[in-house]
Amino acid sequence: MGNCCDRAASFFGPQKNTNVRVGLPAVCFVWQIAMVVLFGVFIRYDEESDTHWVEFRRENNITSDIENDFYFRYPSFQDVHVMIFVGFGFLMTFLKRYSYGGVGFNFLIAAFGLQWALLMQGWFHSLNPETGKITIGVESLINADFCCAGSLIAFGALLGKVSPVQTLVVALFGVTLFAVEEYIILDLLHCRDAGGSMVIHCFGGYYGLAISWVLYRPNLHLSKRFHGAVYHSDLFAMIGTLYLWMYWPSFNSAITDHGDGQHRTAINTYLALASSVLTTVAISSMSKKGGKLDMVHIQNATLAGGVAMGTAAEFMIQPYGALIVGFCVGIISTFGYLFVTPFLEKYLKLQDTCGVHNLHAVPGMLGGFIGAITAAAATEAVYGAEGLRNTFDFEGEFENRTPGTQGGFQAAGTCVSIAFGLVGGVCVGFILRFPIWADPGDDNCFDDEVYWELPEDEEIVPP
Amino acid sequence: MGNCCDRAASFFGPQKNTNVRVGLPAVCFVWQIAMVVLFGVFIRYDEESDTHWVEFRRENNITSDIENDFYFRYPSFQDVHVMIFVGFGFLMTFLKRYSYGGVGFNFLIAAFGLQWALLMQGWFHSLNPETGKITIGVESLINADFCCAGSLIAFGALLGKVSPVQTLVVALFGVTLFAVEEYIILDLLHCRDAGGSMVIHCFGGYYGLAISWVLYRPNLHLSKRFHGAVYHSDLFAMIGTLYLWMYWPSFNSAITDHGDGQHRTAINTYLALASSVLTTVAISSMSKKGGKLDMVHIQNATLAGGVAMGTAAEFMIQPYGALIVGFCVGIISTFGYLFVTPFLEKYLKLQDTCGVHNLHAVPGMLGGFIGAITAAAATEAVYGAEGLRNTFDFEGEFENRTPGTQGGFQAAGTCVSIAFGLVGGVCVGFILRFPIWADPGDDNCFDDEVYWELPEDEEIVPP
Amino acid sequence: MGNCCDRAASFFGPQKNTNVRVGLPAVCFVWQIAMVVLFGVFIRYDEESDTHWVEFRRENNITSDIENDFYFRYPSFQDVHVMIFVGFGFLMTFLKRYSYGGVGFNFLIAAFGLQWALLMQGWFHSLNPETGKITIGVESLINADFCCAGSLIAFGALLGKVSPVQTLVVALFGVTLFAVEEYIILDLLHCRDAGGSMVIHCFGGYYGLAISWVLYRPNLHLSKRFHGAVYHSDLFAMIGTLYLWMYWPSFNSAITDHGDGQHRTAINTYLALASSVLTTVAISSMSKKGGKLDMVHIQNATLAGGVAMGTAAEFMIQPYGALIVGFCVGIISTFGYLFVTPFLEKYLKLQDTCGVHNLHAVPGMLGGFIGAITAAAATEAVYGAEGLRNTFDFEGEFENRTPGTQGGFQAAGTCVSIAFGLVGGVCVGFILRFPIWADPGDDNCFDDEVYWELPEDEEIVPP
């Protein structure tokens, strides 16, 4: 194998230049300075986080500080924050020699992206035309974390095959595209998508897949010595899995309506996730000799229930409805890992390191359509007149929209998110093909050695 | 050693059949479909998670959405959820080659059990006789997690010696027995047991021990090459320990009374846990040459204070009372690991992998009696007339119960939980002895190889 | 190398006595008994955690249980609790053979210190002169955790070079000094320091550095075989890093004013931390051949933004101000790891295992001065008259203090914390030099073997 690598290396010419000593600091500094300037121009505290809150309270007859949105949303925000950094981060540590890259670049992308997200989402959603300022509060922080999630999902498809500079480019365009599609879906189409089946998972999944398709590496097999887990790397990944799994009810309910909205969303998500676990275990066991379980399935497909409930969880889908959703997507997602990922790689030339196709793209798309069906099936008998209006926000210019119409728009929203993901991903993929990004060679993928100082005495996996 | 194993294997005949390829998927599918049907028939949202909440609010003059129970309990619920999946899960990763089984089967049992728990607890506690429906909210989710905890504790005693199908049987009966004993203890005897010293820990501990006793394996020494930790597996287990330790105040206070009840319970638990740490360290250090600390003690006995405060934490036990409880159970639990576990194995033929006897059974039983004493000692001088009534719920048919009587009932409740654990465990143990469950052979215990696809290049521990 | 060690050992005479079998249990028992007694004499529940809350509510016209401080602060408390035990604990697991000591002694120190902190802080801040009692609630628990943080930071400088008994001495004096300097800074000087840049980080950092300076080991190179990370130990440390990073907004906002105070503090801290990540990555990459990232920087300097915002985060520093602070301290902290730590070791004879100089001492000091400047720059135009009064607590005897004066006092407070750290640390250092503490020999540092029972079959790192 050593020989083969050497020969391959000489065949493909000298080693690729993976030096990021100029590029990475330059991007970080330029970007961070730009953020300081733009925040200086645009971003201020909103009325609930400003010292004038005490006056605002009095003017609006708010009886207690506990009515500040902070107390409605901060616990959920922290859960979401853990999902973004520990959940996504550790989920990507499963490779034997790319754990630093998994958790470290995830950290970098998210810290980079959330600042840009505050600006982008602010311009689209909360720019005050009079003052020219965006005001932020705890809900903005949650939305910024959500916005990063799209790019982190895309990173999952690219894991181990891109340079840190490329990940930042993915995040930069990812956040930008996200803000635009979110504006179209939530504001123009007036869809409901609290947990982001459409705007986060479906978009992020297809965005990553499209980039990965453009960046196809025919000789990736040269890195196959690094392409797998070891016993303890899979355990680290389970930390990520469990935090995503446990906190998903907070993810879906973080920005839903106060009161019953948050409450119901959490319950539905909790049930769908539990159901996914059982069907994932069943399919995983059926697929292997002796009924042995596969850690890849347990780490990923168990989460599909949360993804697929991202839109419908705030509706009256009923507890058994949530169980059915989890039941089906657990099966679909596990089948995806068994059959679709190998198929995509072989026939579509699409390398998807973490299988985001099966965990995000497809369950997210299904989640969008499940949301559409649930919305279309809503009736005043079940929701109550007031409840129906509150849940779907049938107010202002949308006052006369019916649940049936709403269902149609929800389905349209899902298509918008797929389109944005695919088209945006292909464009970004071509940008990333310029030979300036210091990405690793085909024989150097999935290896932390390239971008990290590794502990000296650690044994390197033999080639 | 290798030879010895081979000889042993030939002596005991052909290898046991550990194929779960039919059984495990069948159980999962049948079960999950049953859950969908039963949820469809029985389970609906309660008034705080239903879209009619807005009307409910108006009718009951509730001034703000923040009064929704979600905001009182959701942060505690998420902490409990982390304890169940990461806390219990990672605590059981300490074995060198059974970490997947520890965290993975824990995940499976809990996801399986919590659905059944919602039904069982619903039938006993919140079935509306008119509509025939159970309504659920965030408190139901907490209770379902609690209910699973009993079976997870039992799993701790069986860790490494049972098949995944058997763990599901343990959970099925465990949840059922739990719901019955909980109904007897909380409703019929009108005990208070917010953190579940009796209903969770004492029951779960004795349930697991009784099963393990029936499943005694005289030749377990054949697996001793796997029976121990490695450096990093003990670190993974510390993740579990710390999350259990940190969030135990939330565990005990999750379903106590709003206001001072939750507040006081959290304080008492926090103090008892801190006290346990110091006495555990002291005894652990005294017991070894050179005063070296033993990770088994640090991982487990430090938690005993939380278990033992499960009943009394909501009473006015006073901060110093909490410290005393932690002080004593830290010592008792560590002594248990040093002397009682070896004694049980040698003389009672009882193999207790995680030492649940010392962490759950005994501290839970003590916690029940500590609760009884604290209740019996309650006076109006300390609690105030109204406080006494609120704390012990002396209302309705229990209006005239005195603290002394309450103490007696609390003690009786503890005995009920022990009886349910022991008798139920023996019965379930006999069910698990049928030769149909694909459990591992005596030379194959504590080995993930049996039920998991392991990473190929990983070195197997030499026999 | 083996020979060299042997020769060194014979040169330095017989191996040091590291037996703690008498000392450690004795300290733990005596201490814990003292705590029980002192808690019995002094500590009671406050009016929000006592059963008389229901009467208190009625008397004070509090309309709902949700107004209990528990619901304002408990989620933040739990986040802080995680930072203390998992955050600090796992951050210190990065050494290849001192992970047990890192996470285990951290656990011991914190459990030991928080009890003493409740007493010390209680005597200074909430002793009721009439009853002679200290009353505690959830805010007391947060403050106790904060108080331990100072000693845990100091432990970071000493990691691997002290015995467990010595760590308890560090905590005993650390908590005592903390309570005094906190009283001077917060009460006498009337500074604001919600997140503790001054009272926690600056004090803790210099306290640890001063102790380490006194305990200088000229032959520490004899332990250099243990002084470094392995691949997975650095991943465990990333768990610590991420939990500290994610929950730092809760740390800084845990005890700020209800309403806008907590809200604004969380936003500012979130932004400063994100900004730190980018400049840390930039400097780390610039400093190494090929632009490779160094895990030490990523694990530590990314957190500097949270430290430096500990004082100013509750002021109206504006979002861009927070970004600028994070920008600068990310750079400063990374430079510290690159240049200052080696300089300190070489020229000042100061061995700082975790680099607390760069993560706590300097960013904490800067945070103090940033707070001073921000306070001095406060105007009624920005804060509103009422907001200014609330934010800086210009009430009672401080009614007429101006922001300018406040700024001066804030700066003075920073100096007080440095002085307490340095002087206190030197004194404690000399106490720790007595040859009675069973500390490890120079060739035995950074080795868990000395104080822990290690798994038998684990390969020991060859000398």
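In this document, chain identifiers A, B and C correspond to the written order of the chains, with residue numbering beginning at 1 in each.
Please note the rule applied: a residue touches a chain if its C-beta (ideal position, glycine included) is under 8 Å from a C-beta of that chain, and two chains touch if they have at least 3 such contacts.
Since the model is a prediction, treat every value here as computed from it, not as a measurement.
Undergrad: Should the pattern of chain-chain touching be classed as line, ring, star, complete or other?
TA: Topology of the interface graph: complete, with all chain pairs in contact.
Undergrad: Superimpose the Cα atoms of subunit A on the matching ones in subunit B and note the rotation angle, 0 to 180, in steps of 5 degrees.
TA: Angle of rotation between the two copies: 120 degrees.
Undergrad: What's the call on subunit B versus subunit C, same or different interface residues, using the half cut on shared numbers?
TA: Mostly different residues form this interface, as fewer than half of the numbers used are common to both chains.
Undergrad: How many angstrom lie between the CA centroids of subunit B and subunit C, rounded to a whole number?
TA: Centres of subunit B and subunit C (C-alpha means) sit 33 Å apart.
Undergrad: Could you tell me which residues belong to subunit B and also touch two or more other chains?
TA: 63, 66, 71, 75, 232, 239
Undergrad: So in the complex, which bits of subunit A are touching subunit B?
TA: 63, 66-67, 71-72, 75-76, 79, 96, 228-235, 238-239, 242-243, 245-247, 249-250, 258-260, 262-264, 266-267, 270-271, 273-275, 277-279, 281-283, 285-286, 288-295, 298, 302, 316, 318-320, 323-324, 327, 382-384, 386-388, 390-391, 461
Undergrad: Considering the complex alone, what residue numbers of subunit B touch subunit A?
TA: 18-25, 28-29, 31-33, 35-37, 39-40, 43-45, 48-55, 57, 63-66, 68-71, 74-75, 78, 81-82, 85-86, 89-90, 93, 97, 99-100, 103-104, 107-108, 111-112, 114-115, 136-138, 141, 164, 232, 236, 239, 438, 450-458
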